[in-house]
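For reference, chains read A, B and C in written order, and residue numbers begin at 1 within each chain.
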């Protein structure tokens, strides 16, 4: 029995010494942490997805607490938890927060294989970043989608996929958390976060080509040629033309869809509108006024 | 792949030219370099060698194909030749009277555990053939350490076994009786593989000349550089020479470098691209450490041979060596 | 003969010097010449002509816009058709001046005789004057990078130039433009070198030539036998010997430290042989830079050749003059196969840096299928900058930019030796260049803070 006793004594002694050391160290080198950070972390979903732009939920919590001390947590949004969680967090931190509108990633290029003829064949590393560095890609359009799927790679929520037929990425609205990872990943800045709109209805210019009209049109059938018809027809001053490219401000747009009908190349599109007949513009504008 | 439409120019970043190097070329270079040793082994062990080598190569190729197709579900990579190399090297490291079922287990360990479980060629931290061999060595010590006597052309499982030079050396150290060493063959016989002791060792390590021929071929074809083999053999030679000077129970260094798996290991196993360091500086450190560990295990460990363990241990250090041995950057040394 | 070479890495691509013995021809004038405003490193030039203006050969059409910039001269006579955007080698649209060609009328003041002007005949030329004329003539490096030449001749105050090294290496496969230039205008090149030496106030000039051009070595050695200032340095064949830093190492045995150091920090100014010839013409003949020697080549091109080309000539004209594009899949390069840019369209014009138009066909045009990295270390062995390409490529694929910077990615000269030698045909350089781009922009942003 003697050896058992020895073993127990030795191990016990080691444990005791280790415990004392651990205790002393933890007291002496303790890092003061704002208790609110722990509280906020508990409120966050704990997915640690990084969609907010911070390293995990505790990182986000730190930023939220820091922001609250300065009086505003604007711009900090948890893409997973959404409004609900942000409201809870704001309550916990004792500040009010303007509820951000639901956003969704939008791919502003419609240069599918059918619309945009290939003039070269790319034979290098299969990422958009590399292709963008090589040159204008495979088509005559130096602005449009390259189709290698850097955005697909960047998406943590499986919300964006390349459509085999068109060769363009498509966003799954239900899965998109508007975290903006794809926006950052796209070397051509084609993807934009836009307001989701009532019933998911949106109107936007599906082109980012800044070439002159004739050149753009030659490169792609559905390019924006900067003709300015949409700008004239818009009653709400939502449309601006800059560098041969039309842009619709989603905060001003009332979804009247007049521009969609006016656009000679079909570069402006409407999403999630009832398919069949022309939408009664007045009704829609009233409706959207109420909702927006 | 991208579909190339006729008439369209192809674009990509530079460079647009490619040399003649390819994975296949390197792998089949190794296979060709192994041929002299294979032929010699057929000459010494006959049927046994043929059965072991063939079953090992076939098993490795089949497993590579089956695992990549049915488990990893991707394009089978048989054509790169790495499975053939692994199979050949595994076979070369086995005694010629090993039953086929043990060889199959060895191949499964080599390809399945040693290579494909890490993601296939290029991702394995340890040399697959050595993983197979070492697992067999610790699992089937009896079968793995009975060495058939050379010259029994038509026998396989029934081959007579005998003592190898390594077991003689081990016995001399254990008993402290240096007279035992006098039974060792001289350097010339060791080079040829003509072993008067009777036992010879594994299939591949019989004849040092054949292995050296392979080494010259590999150097000529620039498949490997001299750094790893030369540093291993030099270290073994120097270290065992010092021991020999210190005490007569340690064997003559010439015999030491020609016995056992030193040549096979230094030329073919330690130089495996995937598991050896990238820079020449690192390769030299790696080689010295392998040589040193081999002698330590041989002389003071419980196994008579330490080459395979030494290589596996250093495989584990390869990433660390890569991290700390950077090539000299341009501009660090000035003036001619 | 002792052969020098650089000390780290290097590869040996197949030579393919198909056009080495074909004398240079003058290329036909194009119907319309296209002049990109940004054909040099630095700020794009500013147009000084407008639509409808008449220009002659040698008329200034765009002026330098800032210190690091270069003026552009018309290479043809005719009318300015428009100032617009046009596709460049990469496929992006860049501002250009397009001139419709009418006749071939030259500006007065350009000496078109082939008489050799010696240094002795012009003792009045001072260093400042030579540099000024080089600047006005719009001369940029003609080996491919197109850095304005006069800036190289005015080193920063911390560095002192000791010698001029003429880059006559031409280590890229296929290209023979520099070789033909040396064979046909050796005497002029030597005068050009003398001018550069005078401009940089140095006493020593070297001409580095690879041993695969024995005739050029012989010819130039003969011409410089009695000249103690100029040394012809025969070099062993190895790519990328034509890289500035490699050449300095090979010729005078000094290694340029990591960026931002440049060759002049170790006392050397490197100039391409084409640039030296252009300097001669600018200073002695008052001829601005508007034509250059260009090789049009390729294994499947019917009649490859060397041409004296007016800048602005579209690639398609030159390729048509050589028998047109071969059937099959083609890759057309502005430059050689190691560092050339693949062009997206044949409308792209010849610019100051276009030393070759190389056409790769079928198997040569395609990359080989990518296999997994087997960590053979061959890329480390061949990297002329002593980097670890496998590591840089992986770090950049995984976006570890901080580590990438620590591993000296900015030293990469994008010579492509790593990718050339890779047994697994991995796109190593594609990855590194992308990562390097990000790291460079990060460093730039940091320096601005």
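Assume a residue touches a chain if its C-beta (ideal position, glycine included) is under 8 Å from a C-beta of that chain, and two chains touch if they have at least 3 such contacts.
Predicted model only: the values in this text are computed from it and were never measured.
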Query = If you average all the Cα positions, which chain's own average lands nearest?
reply = C
Ask   = Measuring between mean CA coordinates, which chain is farthest from subunit A?
value = B
Message = What's the distance between the Cα centroids of subunit A and subunit C, rounded to whole Å?
response = 43
Query = Between subunit B and subunit C, what is the separation of their C-alpha centroids in Å?
reply = 48
Ask   = CA centre of subunit A versus CA centre of subunit B: separation in Å?
value = 53
Note = Residue ranges of subunit C touching at least 2 other chains are 91, 329, 331, 341-342, 344-345, 365-367, 427, 430, 433
Task = At least two other chains touched by the same residue of subunit A: list those residues.
result = 119-121, 123-125, 130, 133-135
Query = Of all residues in subunit B, which are in touch with two or more distinct other chains?
reply = 4, 9-13
Ask   = Which residues of subunit C touch subunit B in their complex?
value = 8, 11, 13-14, 91, 173, 245, 249, 252-258, 261, 266, 329-333, 335, 337-346, 358, 360, 364-369, 371-378, 380-381, 383-388, 390, 408, 411, 414-417, 419-425, 427, 429-430, 433
Request  = Would you pull the subunit C residues touching subunit A in the complex into a rising list?
outcome  = 85, 87, 89-93, 329, 331, 341-342, 344-345, 365-367, 427, 430-431, 433-434, 437
Ask   = If you look only at subunit A, which of its residues touch subunit B in the complex?
value = 118-125, 130, 133-135, 138
Message = Taking the touch rule as given, give the residues of subunit B at its contact with subunit C in the complex, in rising order.
response = 1, 4, 6, 9-19, 21-23, 25-26, 77, 80, 82, 120-123, 225, 273-274, 276-280, 326-336
Remark   = Within their complex, subunit B touches subunit A through residues 2-5, 8-13
